[in-house]
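Take a look at these structures.
In what comes next, chain A is part of two complexes: it sits with chain B in the first one and with chain C in the second one.
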Partner chain A sequence: MLPEATRYLKATVSLFSPNVFLNASKLSAHGAPSSLQTRRNLRVSHCFAARVPPQKKPREKVEIPGLEMVTYGDRMHYVPGLAKPVYPPWEMSFKDPRYYRSPPAQEMALYKDKPCYVFNQRTSILEGVRQAAWLTKTHVRPGLLPHLVSLAAKPENQLPDQDEHVQNAIKHSRFWDTTEPRPRKEKYSNTLLLNLLHLCATLQPTHPAVGRRILAENYSLAATWKRGEDLFQIRGRNGLLHCSMDPLPRICGEQEVLETSDQVLESFYPVSPTIDLQQVSVYKEEMNCTGFRGEYPYPHAHTLYFLETSDPNCQLRPEQFRAKMIMFTFGNALARAHKLYGTQPQSLLERPITVQAVGTNGRIFQFLVFQLNTTDLSGDDGIKNQAWLDEDVELYDFAKVRPFIKRKEVKVPAGLAGYKPETFSKFLALYLHGAA
Partner chain B sequence: MATRIRLPLLLPRSFPPLRSLKHVHTEAVKEPQYPPIVASLTAKSKSARLRQNEERIKLISSSPVEEKLSLITRIQRMKFVVYPQTFSRNPDRWYQHFTKTAYIPGLPEKFNPATEGSQLATDQPAVPEIDDAAFNEIRDLVTRVILHEHWHKMRKRQPFLYKHQEQVVGPFLKTLVSELTYNLAKYNPLLRLSSLDLSPQVNFYWRRGKRIIPKGHRRGRQEPIRFQIDDHPHSQIRIPQQLPQFAPLEASYTAEVPEIHLAPNMMPLFRRQYDNNIFTGAKLPDPACYGHTQFHLVPDRYHRDRLARQQHSDQVEPFLRANAAASLFAWTGAQAMYQGFWDYQDVSRPFVSQAVITDGHFFSFFCYQLNTLALSVETDANNPRKNLLWGTESLRLYEGVQDGAVVGLDDCVIRLLVQFLMNRPHS
Partner chain C sequence: MALSCLTRALRSLTLSQPALLSSQTPVVQLKLGTLVASTVSQCRGFLTTASLKHNRAYLKQLDKYTIRPIGIKKSGGRDHTGKIRTRGIGGGHKQKHRWVDFQRLRYEPNKEGQPFEEKVVEVRYDPCRSADIALLAGGNRKRWIVATEKMQAGDIIKTSGVIGRMAVSANEGDAYPLGALPVGTLVNNLEIQPGRGSKYIRAAGTSGVLLRKVNGTAIVQLPSKQQVQVLETCIVTVGRVSNIDHNKRIIGKAGRNRWLGIRPSSGLWKRKGGWAGRKIKPLPPMKSYVNLPSISAN
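And then the complex of A and B:
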C-alpha cells in the first residue's frame, strides 16, 4: 500500500470509523498536505474530531556500503537489537491479470520525455471555439454559405409534407416515446436526432447517391499533429459518423483558400493554448487511425453527429460543445488526409477535405462545415483551414407536456410551440450535400 | 277494529286496465310504464356485483379510446409478469395457452417457403417488383453491412462477458435494418411514411382464465388471472396503414391451441403489482399506430452456444417461438386496443404484424395474426376464434467473415427479409 495511506491508517485505526477516510487528505492553500490541517475530521462527532497527535518521524536508516547488516532473518523471529531483514520484492512466476501492477510511467516502453497533449471526448477547453481554432489553425466564420442553404430550398430536395412530418418527429421524441408523462433529456435528444435522420434517409428513392452512405457509431478516432513546439493528438469516440463512398465537394475556391494566409489567428494570451488538454508522457507517435481498417467501402467522412452526453462529470457548455465539434471534425479530416497524402506536412492539399458536423441538445442545433486545406500546422502563418459555424439554431421554442401558467394566464400552451422550418431545411441541406 | 273502506261515490266510467287489455294486440306498443326491473347496484349481493360489472362494461364500451384504456388499466392488482425471453422449459406451449395462439409451422402462402425459393431463384424472383439486378444490389449491401461491423470497424478489446450480443450484434442489426429499409423504400412507398423505433417499449395487459383464491378474507371466491408483458425489442417499424390479413378469420376456428391445466406459477411465472401499461411503442396521438415488423435480439444468456454447453439444444426453437408469440401478441393486442377494441368489444378485423428474431448468424421469421382479444372467462366461453402464429426454424445468414470477405452468404434469408419488409396493403 502507499506509504501515505499506511500512515493515515495507523493514525486513525483507533478511531475506527469509515468516515475518517473521506477527509483523510486535506490540502493546504499551496496544494501540499499540511501537518497542521490534516487529521481533523470536523464532519464526524466530537469524539472523532479531536486532534490526532502528530506523527513521529521514523528513525533515519543509514546505509553504509560494504557493511553487512546482521538481521534476524535467519532466526525467523524478531530479536531486539538486530536489523530488520530486507528481501527483494516477490513476483509471481506466471502472469495473472487480476494481480497485475503496471510499472510507473518512466519505465513503460512508450515513455517519452516530451509530453503530448490529447483532446478526448470528455475535454472541456477553457477558451472554446477560439482555442479550437488556434489548435487546428482554422479561420472560423459565422453562418453557413448561402449555396449550401439554398440546396434545401429547391422543391425536388424537399420531403412531401415536410413540416408535418418534422413536427410529428419532434412530438414523437418529446411526448409519445414513453409510457411516462415525458421522456428524459438524453432519451429525447437521441430519439429526435434519429427521427430526423430517418426522415432525411427516406429521400433515398429520389436521391440514389444517399444510398452510398452508412451510419457508423462507436468507432475510435486517432489523429496526431505538431503545432509549434508541441505535439497534439485527438483520441476517442465522438458519436455518430455518416461515412460515404464519395468525397464531399470543396466549399471554397482556390483563390479564397490562398487568401486565408493573410488572416491572423485569434490569440488569447496569457492563457496557454494547451490548457485543459490531457498531458500524457506515454503515447504512440504518429498515431493516425480513422477507426476502420482494410479496404473500407465508405472511406470518406460526410457528417458527424454530436449529442450532449448524460455523464454528470463532463457537462459541456455550448461554447465548449462547439469547440469539441470543431476538434473532432478536424481530427476526422486530418486522419483521412494523412491516409491519402502521407504524414509529411503539406502546405496546400490539392483536394481539400470537407467534413460536416451537426450538434444538438434536443432543441438547439449547431451546424459546422470544415474544410481542411493544409496539414502543415507548425507555424502560425501560411494557409489556414476554414470552418463555417452556425451557432444556436433553434428548431422549436417550447414542447411542453403541461401548459405553463403564470398568474392564471397561459403563457406557453401545451404541445409543440414555435416550430421553425428553416432549421430542418439546413439539416436537410447538410444531409443532401454531395448527393443532390 | 274493522277497517272501513270508503268507496268512491262516483265510479269512473270505464276501468282503464280492462280497456287496455282489449286493445293490447291492435294498438301500437306503448312506452313501458315502469323502468326495467334489474338487480340493485349497491346491495351487498352477488346480483348487485354482477350488475356493477355490467355497468362498468357499458361505461367502458361507450367511452373514447383514451379513457377506455385508462379505465381498463386503472386498478392495480397482483398479476403474472410474462417475459417474452425466458429460461423456462418449453415456454412456447405455455405462452400459446395464455394468449390463445395456434402455431402453424412455415410461413403463410404470401411468402414463398425458404426451400422453394432457393430452387426457383433464377427462374422466378420471390418478390415481383425486385428483379435480379436489384436483388444483387441488396445482397452487396448486406455484405457491406456485415463487413462494416465485423471486419472493418476496429475494436480495441474483445467485449466483456455477456456483452457480445449487446455491443457487437446490436449495432450490426441496427445498421442492417435501417439500410435495408431505406433501400427498399423505393419499392415500398409505405416505408417512406414509416417510423423506425430503436430500443422501443411494448406493453400489454390482459386477463385469461380464473382461479379460486385459496386463502385470505376472499377465500373461495373466483378471481380472473391477470397477465402483463413488458417487452423491449431491439427495433421496430410502425406504419400509418394496417397490413392485410394472412388468413380469413374463419380459418382460425379449426386451429389447435395447447391446453395447459396447471396454474401459471408452475411455469415458473411470478406475480407482481405495478402500473398496468398498454403501449405499442408510441402513445395514442401518433399517426403511425399500426405495426409492421419487429426485430429481436437473442441475449447472450440464451444464445444457442450456451444452451448447447448446458445440453439444452432442444430448447432453442421453443425459446424463439415463445419470444415471437409473446412479443407479437402484445404488439398486435396493443394496436387493437388503440383502435378501441377490447375484451368485450372483440376485433372486427384481424391485426397483423411480423417479427424477425436473430442472434447475429441465425434468423427466424414469424408472422402473427390477432383474431380475438376476448380472452377472459366470460367472453371466451363461446369464442371459436384463435390467434395464429406462423414461424420458420432458424436459418443461417452467413457462415463467417474471413480476410475481409463474407463466407457462405445465404440468399434465401435475404429474400425472406426483403419479402418481410416489402409487405404492404394491396391498394
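And then the complex of A and C:
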C-alpha cells in the first residue's frame, strides 16, 4: 500500500492561520467546521474506476550550482514566490527495530558482483528433470534397482495382513478423517503419508535398526556448489525428513560409477540451465548447512518425503515436482558431503552418499534414490552422480466418496477401487533399506 | 509509519472546531481557534483509495516485465470523468492481461549484439487480442510474443539484428531486419522506427508484403494496401499472424457478442450522411517514416 500511496501523495500543508478566524461572515448556518476555513486534505482518487485522469508532469526543477535558493524555511510558513526548503532526511538517533529500513542491495555487507542462482522450495524450473540433472551433474535412470525392490518381496520384510492394513490407511485418509463430505487434498495426502509411515514403523520389533531413526520436519537446508562459472545454492525447507544414526549403504558398484564418466549430460539449448532460478546478489559464500547442529544424534539423511503444497502461487506440475525432489535430495547429500569431506571439490568420494526421496500427491507416488559420487561439479565431464527415478506409480485408481455415474450407469463405484499392492512394497523397500 | 500518518491526519480532522452557534462572538472563536491551532499538528493530505492492483492505468506504470497474467479492470467505455466516451463497450468475460513483448529484438542484459535463438514453450489463446500468443524461453528469461501461423510448442525461433549482403532465407516465426529479407516475403509485427516495438500488422491472420528495398529503406504493403516506407533496420517477423480463420468466424447469437464485451448499438434509425456507403478512391500516397534529407529540403 505504501509505495502506491506515496506515489500519489502530494504534500500540502494545511493552513491554521489565526487571521482567518476574525472574519465572521465565514460562519455558515449550522456552524460547520468548514466555516472556519479548516482545510481537510482528504482526496478520494479515481482509482475506483478503470481509467485515471492523465498525469500532469510536475514543473521541472532546475538546479543551478552556486545559486542559493531563497526558501521560506526561515519564515516557518509558506510564502508564494519563495522556494520550498529541502531538508536532509530525518533519521532516528537511536536504533529502533520497529522502524528499520534496510539499505539497498549495493550497500549491504554481503553484496557481491557475481550473482548466485538459488533454488528454493517454490521454484518451478522450466525443463524439469533434465534441468535438475544438468544442475546436479546427475545421470537419471528410469525405474528402481531390482535388489531394492526385491527387499520387500522377502516374507520377513512384510507386514502381517499388509494389503488390508494399507487399504484401511487409504480409506482413513480419504473417507473417515473429516466431518465434511470429503477431506481436502493437502489434508488427505498428509494423513496418508503419516499412516503409511506408521505402518512401516510397526516392523520395528523385527528390525531393530528402524528404531535408530527419527522424523524431522521444517528444517532449513543450505548447500552451495559451483557449476561452470556460476554459483548455485539450494536453500529452503522441503518437508519431512527421515534421518538415521547410520548412513545408507552404497547402491551402485565402483565399476558402474566409473562408467558414468562416459555418459553425456543432456543439453537443452537455447534455454539456459539457470532459467527460473532466483538470482541474488547478496548471499553468503560457502553456505552449507544440513539443517541440524553438530551434535545431532541422527545426522544421516535417509529419506525425504515431499507433498504437494496448497499455495496457489507455486503449483508444480509432475515434471517440476520430480525436479524439486532431485534438487533437494542432492542438496541434502551435498551438505552431508561438505561436512564429512570438506568444501574442496572431490572427483570421487570413497564412500558415496545415498539419499532417498518419496513424493506423493495422495494417490500417485514418485520414488527416487540418489547417490552422490562426486562433489567436483564444475565441469561437464568426469564422474557423475546417479539417480534412479520411478515415476508416477499409482497406489490406487479411484477413491470416490460418491459413485461416478454417467448416463445412469455406475462407471466407478464409491469407495476404494483399483488398489495396487506393488506400490506399498516399493515404499516399504525404501523404508527398510539400510535396516534389513 | 502508514498507521502514524493516518492517525495524525485523523487527529487533525477530529480536533477541528466543533459546531458553533452563530451567536458566538468572533473573539471567542479567535480564542478557540488559536487554542486549537496550537495543538493540531501540520499534516499533509492523505489519499483514501482502494488497492491499485486491478487498474488499467497500473499496467502502464509497471516497469519489470513479467509473464504472469495481470488482472485488469473493465472500463466500460468510460473515461476518467466517468462519462461514456466510447459507446458499445461493457460487460463481457473477465480477462487477464498477458504482457506481450512487442520489441522482438530485445537482448539479454549481457549478450548485446548477437543473434539469438529461443524455444517456443506453448502457444495459447489470449483474451485481449485476436491473435494467439506464444511463450518463448531463451537464455535466462521467458516472454510472450504474438504467435505466427504455424508456430508450435517445441520450435526454435531465431531473432537477429544483422543485415548481411545476401538476403536470408527466413523460416516462419523468425525475426530479421527488413534489409536482410528477400523481397516478397510475408511479414508481420512491423516496427516503423527501429527499436520502438512493433505497432503494425498484429491482428489475427494479417500479413504485410515486403515490396522493394531502396537504398537504406524498405517499402512494405500493409494489409489495408497502404504502402509504408521505413528504415531497413526495423525488425519484422516472417509469416502470417496466427488464428487465420478469425475473420471467418460466425458470432451466431447476440449473447456471444455480449461475452466479448460488445454492447448493442442504439436501435434508433438514423439517416446516414455522406460518410456512409462504399467509396472507391485511389490509394493514399505512400507514408514515409524516414527522414530523408534530400526530400525534406522543401
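One rule holds for everything that comes next: the second predicted complex is superposed on the first by the 361 of 436 C-alpha atoms of A that agree within 3 Å, B and C clash if a C-alpha of one lies under 4 Å from a C-alpha of the other, contacts with A are read in each partner's own complex, and residues count from 1 in each chain.
By definition in this document, a contact is a pair of C-beta atoms (placed from the backbone, for glycine too) under 8 Å apart; a residue touches a chain by one contact, two chains touch by 3 or more.
Here the structure is a predicted model, which is why all the values come from computation and not from measurement.
Once the two complexes are overlaid on the shared chain, A:T274 sits against chain C while remaining clear of chain B.
When the two complexes are overlaid on their common chain A, residue A:M69 makes contact with neither chain B nor chain C. With both structures placed on the common chain, the touch criterion links A:V282 to neither chain B nor chain C. By the touch criterion defined above, A:L126 reaches chain C but does not reach chain B. By the document's definition of touching, of the two partners only chain C reaches A:R51; chain B does not. In the superposition on chain A, A:G211 makes contact with chain B only, not with chain C.
Of the two partners chain B and chain C, more residues of chain A are touched by C.
Contact with chain B, but none with chain C, is seen for A:L194 once the two complexes are overlaid on the shared chain. Looking at the shared chain after the overlay, A:Y99 reaches chain C, while chain B stays out of its contact range. For the contact definition in use here, the chain B contact set and the chain C contact set of chain A share no residue.
Within the complex formed with chain B, the residues of chain A that make contact are 168, 171-172, 175-179, 194-195, 198, 201-202, 204-205, 210-211, 214-220, 289, 291-298. Taken in their complex, chain C has these residues touching chain A: 1-2, 9, 12-13, 16-22, 26, 29-30, 33-34, 36-37, 40, 42-52, 55-57, 72-76, 78-82, 116-119, 121, 137-142, 156.
Listed in rising order, the residues of chain A touching chain C in the complex are 1-2, 4-5, 8-14, 16-18, 20-24, 27, 29-33, 35-36, 38, 40-54, 99, 126, 268-272, 274-275, 279.
Of all residues in chain B, only 144-145, 147-148, 151-154, 156, 167, 171, 175, 178-179, 182-183, 185-186, 191-192, 195-198, 200-201, 203, 275, 277, 279, 282-283, 285-287, 404 touch chain A in the complex they form.
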